[in-house]
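Look at the two complexes coming up: chain A is in both, with chain B in one and chain C in the other.
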Partner chain A sequence: MSTREIFDSRIESGLLLLPTLLVTVVFLYYPTALAFRTSFFDSSFGRAEVFVGLENYVGLLTSSGYHRSIFISVVFAAVVVVGVVVVSLYLTFLIHEVDTGQGLYLISVIWPYALPPAVGALVFLFITHPTLGVLTGPIESLGVEVDWFNNGSQAFVVVALAAIWKQIGYNVIFMIAAMNNVPDTLTETAELDGVGGLRRLVSVYIPIMTPTIFFLVIINTIYAFFGTFAFVDLLTSGGPSNATNILIFNLYQEGFSFFNFGVASAKSVVLFVIVGVLMFVQFQITDRYSYYGG
Partner chain B sequence: MAPTRGSSNGISRRNTLTTTGAALAAATGLTGCLGGSSGGGGAEFSPIAEELTVWHAMGGTNGETLDQIGSDFEDETGKPVNMEFQDSYENVLTNTLSAFDSGNVSDMLQVDSLFAQQVLDTDQVRPVEEILPDDFDSGVFLDNVAEFFTVDGELASLPFNNSNAIMYINRDAFEEAGLDPDDPPQTLAEVRSASEQLVDQDVTQFGITWPNHVWFVETWYGFEGELMTDAENGHAGEPSEFRTPDAAYDMFEWWRGMAEDDLYTNPGIEAWGEATSLFTEQESAMLLTSTASVAGLIANSDGFEVGAAPYPGISDTRVGPVIGGASFYVPDGLPESRYEDIGQLLQYMSEPEVQTQWHKGSGYYPITQPSVDSLREEGWFEENPMYGVALDQLQSGDASNPATKRALLGPARNVQTVIQDKSVDILNADDMDAEIEALKTEVEDVLDGYYN
Partner chain C sequence: MVGVLQYAKRRVDALRGNYETQRIHEDDLGTHFQLLLLVVVVVFPIAVALAVSTKQSGVVTSVVDLFPGGNAVENYREVLVDYQFGRFMWNSLAMSVVIVVGKLIISVFAAMAIVYYRVPYKDLVFLFILFTLLLPVPVRFIPLFQLMNDLGWSNTILAITVPYLASATTVFILRQHFLSIPTSIVETAKLDGVGPLKFMLFVLLPMSKGVLVGVSIIMFVYAWNQYLWPLIIIDSEANQVAQVGLQLLQGDVQGGQLSWSLVMAGSTLTLLPPLLLMIVFRKPLLETFSIQQK
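Our next item is the complex of A and B:
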């Protein structure tokens, strides 16, 4: 890494960095440290804090409910990440291939991303509501009884679908840019060789797009773990029977509904570690397999 | 063709930095709010503003009525009041916690009866009985109301908006199905047969619905005269046992049967609005919900006539309903000079005229005897019989029976969530008894975690 000499003095550059550093420390590192500290205390609504050492963590290790929440979160993240990437790639490809009205298609695909998550969740609620939903009738005529207020697997599917739908726009923005960067000569060569349609997507475009796709996988993973809170909160509140109680909702409930701040902090530390490890693994893979040209 | 290892690390490093930053931000965004909370009594607080500040959770028309009460008080006494809407009971509680931490607290807090014990356990509130003027007669509150809000012989908080659960019926649907709307079902078995008749004749899609909320389970326990926990539902000490009497098994078995046969539909956990729309859209002919919904239901029932009926009991036993709703708490440790003003506002809020105004403007029932008397005198209940049903149900309840006192539990919200979640399990499981046992164990674990 080379250091670029833009500023004459270190003090000047330090001063310019100060606002950013201050905000980061006050709103990021200080709360992180505080949460870490609180995780070693029995701390609840307005009662005196008692130091309990690792008790909160031991509690989590032995709680079958929490294990289930971890399992659900991992499966949920996998479904959302795979779902988002696959659907977005396919949609991007279709938009890329179409000759007229590309802009219109793009806008309609990106539009859900512009909605606040809470609005998106409510839209989904009214579309799929078991008794009042617009789509409920047509789906039930296919022989499926829509009952996701009681049926855990159905609730999981609904929340996952909503989460995927919301994130597609973001992915398409990046993917269309990457796909447009694929040299036309490659496309022409492929077409001359008789490589058409989906085959061209899988064998030509995707390998070249790997840096973008890996970047999106990481962003989508973070999204699946943290950004899907609103869907769970508004659609299912973690239910039925905790079938959609992913870690981020679980920790919110512990902290702000049950007011067990100690346990909630321990949960946030665990969640942070899980996602941290996942990030690390993904970066290892990214560096090994990504194609950066040259 | 095969992707190769990147030769230009610049791109990947930049990505690394931005995404790690994003991950960290996302991970700590929530945890940051979970700051440490200092506890224990004896803290000194300063008021938020010069004026009296009241944090409440009343939105919509109820909030407007409350604002009106505040400005009427100002007109009468010259003391301004800020009624500040905090969006929900949970937010009032969360904000109070941060207020206790920061030292600037609101003068009055509207706390849902569900959270009462948690607030009492902070040791940071002063019983309102010590604040109310000496000439205030705390005997004016209806027995059932006063019973719940009295702790250790003292009125701990000022009861204000209180309600209980009743059953609403679609009178037109009842008539169409050949049922007598003037003789609505009184027990769960009767609800079932009425539902069968309604659904079999295609009058409505479902017989009955109600939000999956612990209050309804509590109300069934109350009418049956069964305690939910030991230590008199937490009013006489620290509870450790969750009781599952035979009546609870009967209730869950009925609930399961109704769900299996599509006579009942589950609107979702705490789905008050959904349940009400199922009723107003005429998908369900019966609805269990709060008495505070009377006004809204009458306004929204297009094309059919709503009737109100007492809550159906598990059996013929009718001991009494449990009270829901909220009361006003006052923090301890404010400058002494403020307590006189606060006492004056508390007293004002329980005056018969104010209670009557509140009742008419909200549907919560009048909770002082003088207010009930004056409403009766002006013939209000004859003109508005639905309001009368709720009050009669309350007053016919046996206030001295501990089962009619709503559970007062430290980890109330946690217990509530367990009961609501497990109810769904109980509805779906093959082995109902095992799930009820699991419910008992889970609630007792939560109680144990809080008290020990």
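Our next item is the complex of A and C:
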């Protein structure tokens, strides 16, 4: 380790670090500090800021609209995370099981990693459109009236499906690497013991892949909370009647529909705390599992 | 990693002497059938978009309507020229290339200082950079918007590139990779009296080609797919990016002024650059992901 440190000029190392540190301080740390500060002010366009103490936070604690948004975000994240992990695990398992065409199958399911959420949203809007959608006819023939422009639960399902679809690629990329790391001898032993198919997935592969799955659960949770903004914006704009108004969209509205920068900053701080907790959990878990594999 | 394991597996099978025949017979047809079905589900929405982008009206109400039409050239021309998608795509490309090149340069600098310099506090500096994982755009966009107004950068390419230049993920991946370069090579360079610039250009970079390509793809996909921040900070069509260009199309089609076939043409265009890069460079991309998780 120490033999790698072949240079010792403080000036050179300082110059090498300077650009990253400069951007980090000015565009990452400073705005975050600014958000904390503004969260204690009444702040909007074209009028002087007024210090209001904890008023913005008290407002959030008592706002039923914000509570509903938190609730919707948590349910949405749970649905998306479970959906993505289950579908991706099964897909990965199937790909792992075949030898012919493995590479082709892999690229055919991991490509949504490159899919822009805005594109995914518009395509979903089109195929499930209540009057024009290709899928609308087949779905209605099953006895469900497609009406997600007015029906909140249906809108929630459409946004969740689109979000799940986009995230499968990223998950399979990590899961296939983890599954390929399972020693062949273990697979062979399981097969000899007559542990086949799905039972092998559940009782042999999944336990060994636990660190990867935990990692993906955290990444997917952060994605569901924050990375799905384009889906909500383009598919439902948070509606109907706020049925899909997750926290990130709620924050966007507070800032750029109502221009309440004080309240919006307090909401940013709440999101910061959520990211912090998730990252902390991930760090703890990675630490615990670092003895295995890796 | 994945590649190595698959190779090893194949070698073992080859040694057993019956690779081809045995493997093909071992594949279960049911597994292939399920895989094909799931691949169809994952690809279906984009296949619809592609088919509809070649039709005249874009009204597709049954699966039979999904054969390509003869209007492809005219649709794509109209979107690119009349709806300014050529311009939006160009702006997205400029944004993504500036972010990729800028991030790559300053992150190589930072990672080099962190790995190859014996200077005090560098672990602290690394933590300081890593901590910004807690500050994604969604947590910062309200104060960042205010900061951009103060700097007078709103509506410019500076606003959609500079805040993205510092990257904890990239520095982390490069650091992990640098730590895997054998110390013997580093020591040889030192004995030969190689200076820092020569060390970077003639030792470090040539030994990091795969990782540099891999992180470039990850960063390009990330930059190209940005939606929320350009939506907020860019308000002239001349400077707008493709993702938000899609939102403009969505507004027009919901208002009934635009045919869905043009929206799907715009969506297809927006998907192509990240998708093609991912397919072409999938090998270094997958290898880089396997570094990231460690």
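Going forward, the second predicted complex is superposed on the first by the 266 of 294 C-alpha atoms of A that agree within 3 Å, B and C clash if a C-alpha of one lies under 4 Å from a C-alpha of the other, contacts with A are read in each partner's own complex, and residues count from 1 in each chain.
Note that a contact is a pair of C-beta atoms (placed from the backbone, for glycine too) under 8 Å apart; a residue touches a chain by one contact, two chains touch by 3 or more.
Computed from a predicted model, the values in this text were never measured in an experiment.
After overlaying the two complexes on the shared chain, residue contacts for A:M279 are found with chain B and with chain C alike.
After overlaying the two complexes on the shared chain, residue contacts for A:F27 are found with chain B and with chain C alike. Of the two partner chains placed around the shared chain by superposition, chain C is the only one that A:I173 touches, whereas chain B remains out of contact.
Once the two complexes are laid over each other on the shared chain, residue contacts for A:L271 go to chain B and to chain C alike. When the shared chain is aligned, chain B and chain C each come close enough to touch A:F256.
Between chain B and chain C, C touches the greater number of residues of chain A.
In the superposed model, A:A35 makes contact with both chain B and chain C. Of the two partner chains, neither chain B nor chain C is touched by A:D193.
Residues 27-28, 30-32, 34-35, 38, 132, 215, 222, 225-226, 248, 251-252, 255-256, 261, 264-265, 268, 271-272, 275-276, 279, 294 of chain A contact both chain B in one complex and chain C in the other. Residues 1-2, 5-6, 9, 12, 23-24, 26-28, 31-32, 34-35, 38-39, 42-46, 48-49, 52, 59-63, 65-66, 105-107, 109-110, 112-119, 122, 125, 128-129, 132-136, 138-147, 162-163, 165-166, 171, 178-179, 183, 186-187, 189-190, 196, 199, 221, 224-225, 227-228, 231-232, 242-244, 246-247, 249-250, 260, 263-264, 267, 270-271, 274-275, 277-279, 282, 286, 289-290, 293-294 of chain C are the ones that touch chain A when the two sit in their complex.
Within the complex formed with chain A, the residues of chain B that make contact are 1-8, 11-12, 15-16, 19-20, 22-40, 90, 93-94, 96-97, 100, 118-119, 121-124, 205, 259, 265-271, 274, 277-278, 281, 283, 411, 413-414, 417, 420-422, 424-425, 427-428, 450. Residues of chain A touching chain C in their complex: 2-10, 12-14, 16-17, 19-21, 23-24, 27-32, 34-35, 38, 91, 94-95, 97-102, 105, 107-120, 122-127, 132, 134, 136-138, 165, 168, 173-174, 176-177, 180-181, 184, 212, 215, 222, 225-226, 229-230, 233-234, 248, 251-252, 255-256, 261, 264-265, 268, 271-272, 275-276, 279, 294.
Contacts from chain A toward chain B in the complex involve residues 27-28, 30-32, 34-35, 37-38, 41, 43-49, 129-132, 149-151, 203, 207, 210-211, 215, 218-219, 222, 225-227, 236-242, 248, 251-253, 255-261, 264-265, 268-269, 271-272, 275-276, 279, 283, 286-294.
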